[in-house]
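The block underneath contains the structure these notes are about, expressed in structure tokens.
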Amino acid sequence: MKLTKNFASDNHAGTHPEIMKALGRANTGYSLAYGDDEYTASAVRKIREHLGADVDVYFVFIGTAANVLGLKAITESFHAIICPETAHINVDECGALEKFTGCKLVTVPTVDGKLTPKQLAGKLQEIGNPHHNQPKVISISQSTEYGTVYTPDEVKALADFAHQHELYLHMDGARIANAAAGLNCTLGEVSIASGVDVLSLGGTKNGLMFGEAVVFSNRELGKNFKYFRKQGLQLMSKMRFLAVQFEALLTHDLWLRNARHANEMAQLLAHELATIPQIKITQKVESDGVFAIIPPQYIPAIQAKYEFGVWNEATSEVRLMTSFDIEESDVLDLVRVIKDCIR
Amino acid sequence: MKLTKNFASDNHAGTHPEIMKALGRANTGYSLAYGDDEYTASAVRKIREHLGADVDVYFVFIGTAANVLGLKAITESFHAIICPETAHINVDECGALEKFTGCKLVTVPTVDGKLTPKQLAGKLQEIGNPHHNQPKVISISQSTEYGTVYTPDEVKALADFAHQHELYLHMDGARIANAAAGLNCTLGEVSIASGVDVLSLGGTKNGLMFGEAVVFSNRELGKNFKYFRKQGLQLMSKMRFLAVQFEALLTHDLWLRNARHANEMAQLLAHELATIPQIKITQKVESDGVFAIIPPQYIPAIQAKYEFGVWNEATSEVRLMTSFDIEESDVLDLVRVIKDCIR
Amino acid sequence: MKLTKNFASDNHAGTHPEIMKALGRANTGYSLAYGDDEYTASAVRKIREHLGADVDVYFVFIGTAANVLGLKAITESFHAIICPETAHINVDECGALEKFTGCKLVTVPTVDGKLTPKQLAGKLQEIGNPHHNQPKVISISQSTEYGTVYTPDEVKALADFAHQHELYLHMDGARIANAAAGLNCTLGEVSIASGVDVLSLGGTKNGLMFGEAVVFSNRELGKNFKYFRKQGLQLMSKMRFLAVQFEALLTHDLWLRNARHANEMAQLLAHELATIPQIKITQKVESDGVFAIIPPQYIPAIQAKYEFGVWNEATSEVRLMTSFDIEESDVLDLVRVIKDCIR
Amino acid sequence: MKLTKNFASDNHAGTHPEIMKALGRANTGYSLAYGDDEYTASAVRKIREHLGADVDVYFVFIGTAANVLGLKAITESFHAIICPETAHINVDECGALEKFTGCKLVTVPTVDGKLTPKQLAGKLQEIGNPHHNQPKVISISQSTEYGTVYTPDEVKALADFAHQHELYLHMDGARIANAAAGLNCTLGEVSIASGVDVLSLGGTKNGLMFGEAVVFSNRELGKNFKYFRKQGLQLMSKMRFLAVQFEALLTHDLWLRNARHANEMAQLLAHELATIPQIKITQKVESDGVFAIIPPQYIPAIQAKYEFGVWNEATSEVRLMTSFDIEESDVLDLVRVIKDCIR
């Protein structure tokens, strides 16, 4: 069963053809295992070109692992990690963070998935009190789970707040490419250069077969990560096949072409939906997702043609995700289906 | 830097061309994420053809994860897992087992990497004593880290012993294909059909780009595994690209062709080394590895041409691994180099 | 520095004289260690008289341990434990629960520290979805952190809800004696007999030097607890000195005399405060704590005479705890001080 | 059932009368909870008098906790802790160390329970290799589980070795008093002053009701311990009752009187046993335990009169422990019983 395209997840797309080609190129002869190979060294250099010469880079398989292990590297078990209530690490990782780090997540309700320094002030009251987890990290998602983005200035404000209070700033960048494309910024400007200490650099949602990178702003922060990666079940033996995907993604602006396209499709979709009076767009469309309230009676019929998820049953808010290989015709056909169902 | 072939690890080889083709085939259109796709269902059916209709099957990225999460599914934190001193879970996984399960490894010295019921009797003394970890699992490797194999009868004897004492039998099958090929048995006969409760079914060392499967002998044992897999950082989003590799490996006997070839190359190597009086083969050659004592003064010169590992510095015992794509000419050239160095 | 009495915590009191006498009685000759002694057997019998013949009983040092290890015994690491936002396990245990069990706490906002089945319905949506922690336990405190209590019928309603959904009901009974005394019920009626599966039976806050018990409603639930207790750092070697305290607490109604007295002192305090127009009692006074809003400008002067805690800085709500050995004159003197400061 | 005295464990004795008196003295009025009280401050000062002005001191309930949490404070989860095979943390703590720290124990076989730098050299080979736990701590017991002791020079040699290799030296001092008494040294000379970084300072086996202390050689090492103690289930609320016991133990040389007496009883016992030709003393008697081979046919009859443990079934080696309140007449009666049984 091949699926028609859908709007349920940017994970339903396949692997970009340029990535497939890179995998084929890497499949030549023997190569040292576990990352001691030339493909890995080259991919690390590429990431440093984008994120800074001093960053420390480690490849892992999936986003959950990038988040959990990146956070493990900068916490002790008694720490608290502050994040929005909607954070992927809080709601979508089956408690992987708590299991592996022992830390507690302290969650902050938000309207748009974004934290601000103002919201955080009240979370730092119990410093030094052994009855309470000690705040150590602020974790944000770029772009957020609501498709919104942090400007570099907003990231800087959070980083400054964090560093003033001896906290770290962690960024879940599963969709950082979409954020950077949406802001017309470099990958660095929306993350490390604005003060992020540890970044999960996403690949899978932007056209890779699999693969994420954990990027530390400096090598001191990452010095023990190779052990956490192995102990955390993320050290790939034939590493060249992970690294070469990142190399390709960061070459000839593939990351940007893919992200920009997905974002444009989201803009198109939002623009079209805005013309339907029964539908209300609920979040700014700044990356590759559109959040909208669709009256519940219409949803099943639409889903029968195009899969997508209901984000909030209570309010009938849905999430419509685009991707690097959704096409304009797919979007327009979805809009047609919606209009048909609602009419 | 492309490496010439070497004998350091079966992880240094690339991806088999039939696997690459399968990856290409799967890269068509959209597919449900996280294993709810047709490729995954098909690969599970294939594994059931080989290992039994009732087995429960879950794909993970790497062997360490297959071992750790498979063992987590059948233990409580206060349990002990009994294994040979040389077990991969004991010496090569950076304590991943202890970190994720909390269990203690109770190790048994062996001469050939193999356990027998006789050796285990003394390990079950403290049953019911809360000061001691309670034995719950016997873990064996098939083939072992020494390249030796367990016959189906030997596996059955261990399984019977385990089940009589209310223990489980776990098998690290990173190289199970080599064991089955060496024994001229099916994959099932050397594992599940002989009483193994949980099997790590290896793929990477036999030609996959990446991928292992955790196989439970029945669905009750595996009932919570989907949660442990997610919490244990092993749920791949674009799962079709993992599953399709297993599908290809188990089709047209690719698993057997690859394993048999690697084993034959090991036999050839052992046969040739046996003609060199200064070298002593130390273990039976029953799968894809040859263990031999080479006088230490010759080793650096040989390694300058072909990489391989020194297994035991004290005795100057080395490990020479073949693989699915090492060729007869590679083996003979290695032998030539060795002879040149020793002469 | 001996403190004058205060209202900051029921942990600031000492050890009841009858408990001290019991400790002296137990200090005779030799006794088997680790609970294999007659004092322990006798204390277990006593608890069974109060809580039911089939309960399984284990002594631990502190309430945090009783909660964490009792919950560990009935959960897997991927489970969620649902509790009120104000639960001690959520806010006052430095993440001990997350560290030791790996579970996630799912918190429910309440006005009085109490859960109802109605509030819980929305928390059971993601059953079977591996991306989300699976709900397994509802945890309530009896009495609550706000000093309120659950009637036996309220406990039953939660137990029925839990069992219908294949969840367990856990009760943090650090102050269960105060709850039972306030409800004029037996210890069993407010806990096990109303459907609680696992109970932390408190002792320290009711006059012991130290000591809590983990009580399982049946022996199957507790069958592995002796291992979790040892592994969880709670197996006392000279156990007789813990057990004999519980024996004394449950003899001649000491538990009830102590709890009733503390409750009466709380009633007296609340009655007196109600006469002060600037003060507003915020919670029903049903056990040994009084919650009240005192205008912030008066608090420092009152605290200079009698220590107590500010529960909520934002609303200037304070917590005033009584105890088994606070006296009427202490309460009246506190009231006098408050009136003096406010006047 | 009051036991007659026995030789099974120094945990079967009760609480020394001077400790009971101290508990009574502390039971006066109110006291701040969780260690913010004068009794705790005073006990810490006392320990500093014995172990050095710069040490950082924290009280916990039991020895297992002192070991596990002290080691947690100086390790990451990927570390290895090197210890003798016979170490209590390895064989008698139900895997508490692995569960709480995630670390692996690397064990060294010894003849007398003691490590030497020479034995350790081979354990430091895999530094920097992410496939292997990284050695970080050497853990020794003073006195050992065989009753033998390390001289200050022997401790220094291990500390120097550890520090040269950037490891820490941890000491399980459950019976440090017996070691110091046996060596005619101060508590400091046999531990911190000789280079120990983290010490479990035992109390329970030397006459306390319960209580151990974790002592760090400097405050930097202990800076996060208060959080680990709370998260590790060891923060006592009515702390004064733990602290005051240590105060009493370290006053008027109670620690030394108790330990010296137990040691003398062990010497007496060993001296008498040496006169029985069928019995062979197997270890130097340097603290409060005697290890001896007694022919197996005699053991049950002796145990019928006096409990003690068989240490090694295979060799019929038994362990006979004395204690602070065993008396000369008890020892002589045991010897009489043994002679009667053997005759």
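Letters A, B, C and D mark the chains as written, and numbering starts fresh at 1 in each.
Here is the rule we use: contacts are C-beta pairs under 8 Å (C-beta built on N, C-alpha and C of every residue); 3 or more make two chains touch, one makes a residue touch a chain.
All of these numbers come straight from a predicted model, not from anything done at the bench.
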Each chain counted as touching chain A and chain D at once: B, C
Longest centre-to-centre distance from chain A, chain (CA-based): D
Whole-Å gap separating chain B and chain D, where each centre is the average of the chain's CA atoms: 42
CA centroid of chain B to CA centroid of chain C, Å: 50
Length of the line joining the C-alpha centres of chain A and chain B, rounded to whole Å: 34
Multi-chain contact residues (two or more partners), chain B: 34, 77-78, 93-95, 99, 102, 130-131, 227, 230-231, 235
In the complex, chain C residues that touch chain B: 34, 76-78, 102, 130-131, 134, 224, 226-231, 235
Residue ranges of chain C in contact with chain D within the complex: 1-6, 9, 11-15, 20, 23-24, 26-34, 37-38, 61-62, 64-65, 68-69, 93-96, 99-100, 204, 209-210, 227, 230-238, 241
Footprint of chain B on chain D - complex, ascending: 77-78, 80, 91-95, 98-99, 102-105, 125, 130-133
